[in-house]
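Data first, discussion second: the structure below is written as structure tokens.
We just call them A, B and C in the order they show up, numbering each chain from 1.
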Amino acid sequence: MSSSNMSWSLTDVRFRHPGAARDAINNVTLATHAGCITALLGPNGAGKSTLLQLMLGVLPVSSGDIRFGNRPIAAWTRTALAREVGVVPQGEAEPLFTVREMVAMGRYPFLGRWQRERESDATAIAAAMRRCSVDEFADRRLATLSGGERQRVRLARALAQEPSVLVLDEPTTSLDIRHEMIAFELLRSLRDDGVTVVLVTHNLNLAARYADDLVLLHRGEVVARGQPTSVITTETISRVYDWPVAVELNADGAPQVVPQAFVGAST
Amino acid sequence: MFFAWTSREVAWRVCGRVALRAAPFVAFALAFALASCRAPGDSAADSTSARRAPRAGRGSAIELTDDAGRVVHLDAPARRVISLVSSATETLIALGAADRIVGRTRYDDAPEIAAVPSVGGGVDPSIETIVGLHPDLVIAWSADKRQAVRAKLTALGVHVFTVRTEDTSDVFRGIANLGRLTGRDSAALRLGGSIRGELDDVRRSVAGRPAPSVFFVVFNDPPMTAGPDTFIGQLIGLAGGRSLFDDTRQLWPNVSMEEIVRRQPDVVIVPVGEFKTNTVDYLRARTGWRDLRAVREGRVVTVPANLLNRPGANIGKAARVLRAAFYPEFTSAADSANVARPLSAPAERR
Amino acid sequence: MESTSAGAIALPARTRVHYGMPVSMRLLALAVILALALVAAIRLGAVSLSTTALLDAVTGRGDASTVAIVRQLRMPRALQAALVGAALAVSGATFQALLRNALAEPYILGVSSGAAFGAVATVVTGWSMRSVWALPAAAFAGAIGSMLLVFRIAFSVGRALDARVLLLAGVVVSSFLVALIWLVLTFADTESVRSAIFWMMGSHAGASWRSVSILATCLVPSLAVLFALARPLNLLAVGESTAAYLGTNVERTKLIAFAVATLLAAVSVAVSGTIGFVGLVVPHAMRLLWGSDNRALLPCAALAGGAFLVGADTLSRTLAGANELPIGVVTALIGVPCFVWLLRRPAAL
């Protein structure tokens, strides 16, 4: 997986869902950095997933400009984009595919319509499965796996694309502590290998520990941007999430959010 | 529901779906029963087009226009005939041509052709069984809307003559046509004459009598009867009755129970032997039916279904049976087996 | 989880999944079964034939009526059953992938009710009496018409082709057409009702070399298109956004696949009426046996669907002598126990 200059630059991006009263994304200007872990944060409905879909070109912007690798995102064919960007989306159906068949789908963008899998594809698939520790149940059907195992299979499929950029939409939702930590450790090791990582997450504390760059969205706008210590502050988080929090620093210096019991309810 | 893919769920949903799919077939089966309980109807097109073609000039060759308006040409009278139409089969037997019949349908029960092989149903026969019997003539329904059987047999070089089976004129034309096709014109002439004589006798015998209103039960739920333009409607009129629904123009109308109760027939005729539910017990048990005065007072008459649903050589007998149903004094020894009044005894006791 | 550095790993064994049998062996086995079914279909029937008589008849020698039975009745009928079975199974597999719904089947976009409406219209108006081709042509037109109506409704609701909207549009258009059919039949004469019902029950009795050639002409390019879409169909079966992220032009792929799968169903229903069960259950059976990968599933379903319908048709015209059983009865009576057995195998998942 090669390090490259594959990153996004968004300029004055607006998006409104058809028939909606207000913009879901309001005047966002943003540039992601190659070789970093960027975390998109924000409360429910802040526009994180919408922004991700705009960046991936599956939603059209209402106005503004999104460029990826210095080309307008609309100029990318889906295949060309899939050769650069691996995505771990939310909410997939689970047909009776085996783990290997699912991971092998990561090679589809590299194969012609009638082309058979090459030796190099098999190698990439095997490496991705091993890296996500799903190789031991390669022949099992997805329906027989646990939620955490399936999530690892999806990650392996994205890694089989050998992407320069990895995009993940709430990858650790529904994972327990161990599997969540394993996932974040894996993202860090991928970053160390030169992969650019962009993820949407609700876990502020792990984002603060693992991400290099935080983008805090609120009502479709970027309200804070930068290093964890500058974004995760008592004042900002309490205001954006509309709940009193305390922010402490943990042993390795990352800010950690501790929600407070709500006292003195004014309503 | 859109993302359910585990096998167990597939199993349950597929099973449910299969059950759901069966539901329309139950409805179809019911409608099929309705549809097949009578001889087929017609289309306006072929009711007028059927007439005899001009005679072929030479030898024993036969050229005849069938009831769908198609000219059928035979080099000689047919010697190997398969009839897909039960009434035509009975006519052929009455013409003395039973030995010409090499195939019948599963519905034909005449003893003369009991040994003849079946070719299946009348509108869904096994074509290859027919071809394997080497017929030189196949009699088929003119009203088969799909035309698949006729087209297929014609393409295989089998002569197909289609017949209409709705009213009494179809019966007489059918007798004449079948007589020509089998080279038995004189027998056909005699048979036609004797049936006309039988019908005239019946008509004369009831002249001047008060006409009872008659409900003929083609099917009981939903109620279906015979319209005045069917051979049954015509025979009811000829035998001195008046169809309760003589104002309809449909051949086999579905009528509402409410309307039957409102009109109160003098006599209810139940053909028995075709449907299990067409029984007097059923009528006596069901609301609507049991509220009819004719049912309460024992004026329900059962007749054999096969006699009254095949417009062929037996319509003279059918007319006499109907006459006996309307006027008990006409019940002769010969007809008494065919006319029963199952409700009259208990009603008299009351 | 070990975090080894990527790229430097070569697993000793290529972990290709076989489910006990490689794809080529599966296809070969199914092709042999199909061939045996075709031979049985031509061999068996109401008129029994010796092997030599059969061979003579196939080559056009011997008794004229035997030749006619074999070459004009049995051969086109067996081939039509094979083609319809293949078309319905592939169509069903495609719909199940596209809609991510286990209950999807070839008639899901209103094809069967549209075709039935066309058929009933020709029967009631009497056009079916004028030409043998009037009824299949009208059935085909009705099937395509109802599909276009379903697409029109689905497109007018959302900006893109939403599978759920499409499914619902199919259901409501279908219900509407069925209501129209019953409305028309309520006022139709009994013979029209009977003809319509016989048509709706489905049968291969009307097969001819012409119908076989029309079917084959539609089927071969359609199957080629769907086989070419096997990988995108795999992705769509997982999810539409997944498919987009893995290089698929989702809207175009869906439109082509829906249209081709519907065309297959429409041609089938036009020549043989509505034959249920094959399009629903054969793809599921193949999936339970050998998994969801459409590159193997589609050709397997084509061969298995063809063999299944040829076998069912042969039984329908031999089990009760000259009395032909409705083919839907046979497909369900044989198919359901087989399918339940497949489901109950411990290895089903």
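Simple rule for what comes next: a residue touches a chain if its C-beta (ideal position, glycine included) is under 8 Å from a C-beta of that chain, and two chains touch if they have at least 3 such contacts.
These numbers come from a predicted model, not from an experiment.
Asks: If you tally contacting C-beta pairs, which pair wins, B-C or A-C?
Replies: B-C
Asks: When you average C-alpha coordinates per chain, which one falls nearest the overall C-alpha average? Tell me, please.
Replies: Taking the mean of all protein C-alpha atoms as reference, the closest chain is C.
Asks: Could you grab the centroid distance between chain A and chain B? Build each centroid from C-alpha atoms only and quote it in angstrom.
Replies: Roughly 75 Å separates the two chain centres.
Asks: List the centre-to-centre spacing of chain B and chain C in whole Å, with centres computed as mean CA coordinates.
Replies: Measuring from centre to centre gives 38 Å for this pair.
Asks: Centroid from C-alpha atoms only, then distance chain A to chain C, rounded to Å. What do you get?
Replies: About 41 Å separates the centre of chain A from that of chain C.
Asks: Counting only residues that touch at least 2 other chains, which ones in chain C make the list?
Replies: Residues 100, 288, 349.
Asks: Which residues belonging to chain A are in contact with no fewer than two other chains?
Replies: In chain A, 91, 93, 95-96, 143 touch at least two other chains.
Asks: Among the residues of chain B, which are close enough to touch at least two other chains?
Replies: 2-3, 5-7
Asks: Spell out the residues on chain A that touch chain C in their complex, using ranges where they run on.
Replies: For chain A paired with chain C, touching residues are 1, 18, 53, 56, 58, 77-79, 81-83, 85-87, 89, 91-93, 95-98, 100-102, 105-106, 108-109, 111, 113-114, 122-123, 125-133, 135, 138-139, 141, 143-144, 159, 161-162, 182, 185-186, 189, 193.
Asks: Name, in rising order, each residue of chain C that touches chain B in their complex.
Replies: 45-47, 65-66, 68-69, 72-74, 99-103, 105, 123, 126, 128-129, 132, 135, 163-164, 167, 178, 185-186, 189-201, 203, 205-206, 208, 276-277, 280-281, 284, 288, 317, 321-324, 328, 332, 336, 339-340, 343, 348-349
Asks: Please give the residue numbers of chain C that touch chain A in the complex, ascending.
Replies: 1-11, 14-17, 97, 100, 159, 228, 231, 234-235, 237-239, 241-242, 244-249, 287-288, 291-293, 349
Asks: Sort out for me which residues of chain B touch chain C in the complex.
Replies: Its residues touching chain C are 1-7, 9-11, 13-14, 17-18, 21, 24-25, 28, 31-32, 34-36, 38, 40-46, 68, 106, 117-121, 123-129, 131-132, 134, 141, 143-148, 151-152, 155-157, 250-252, 254.
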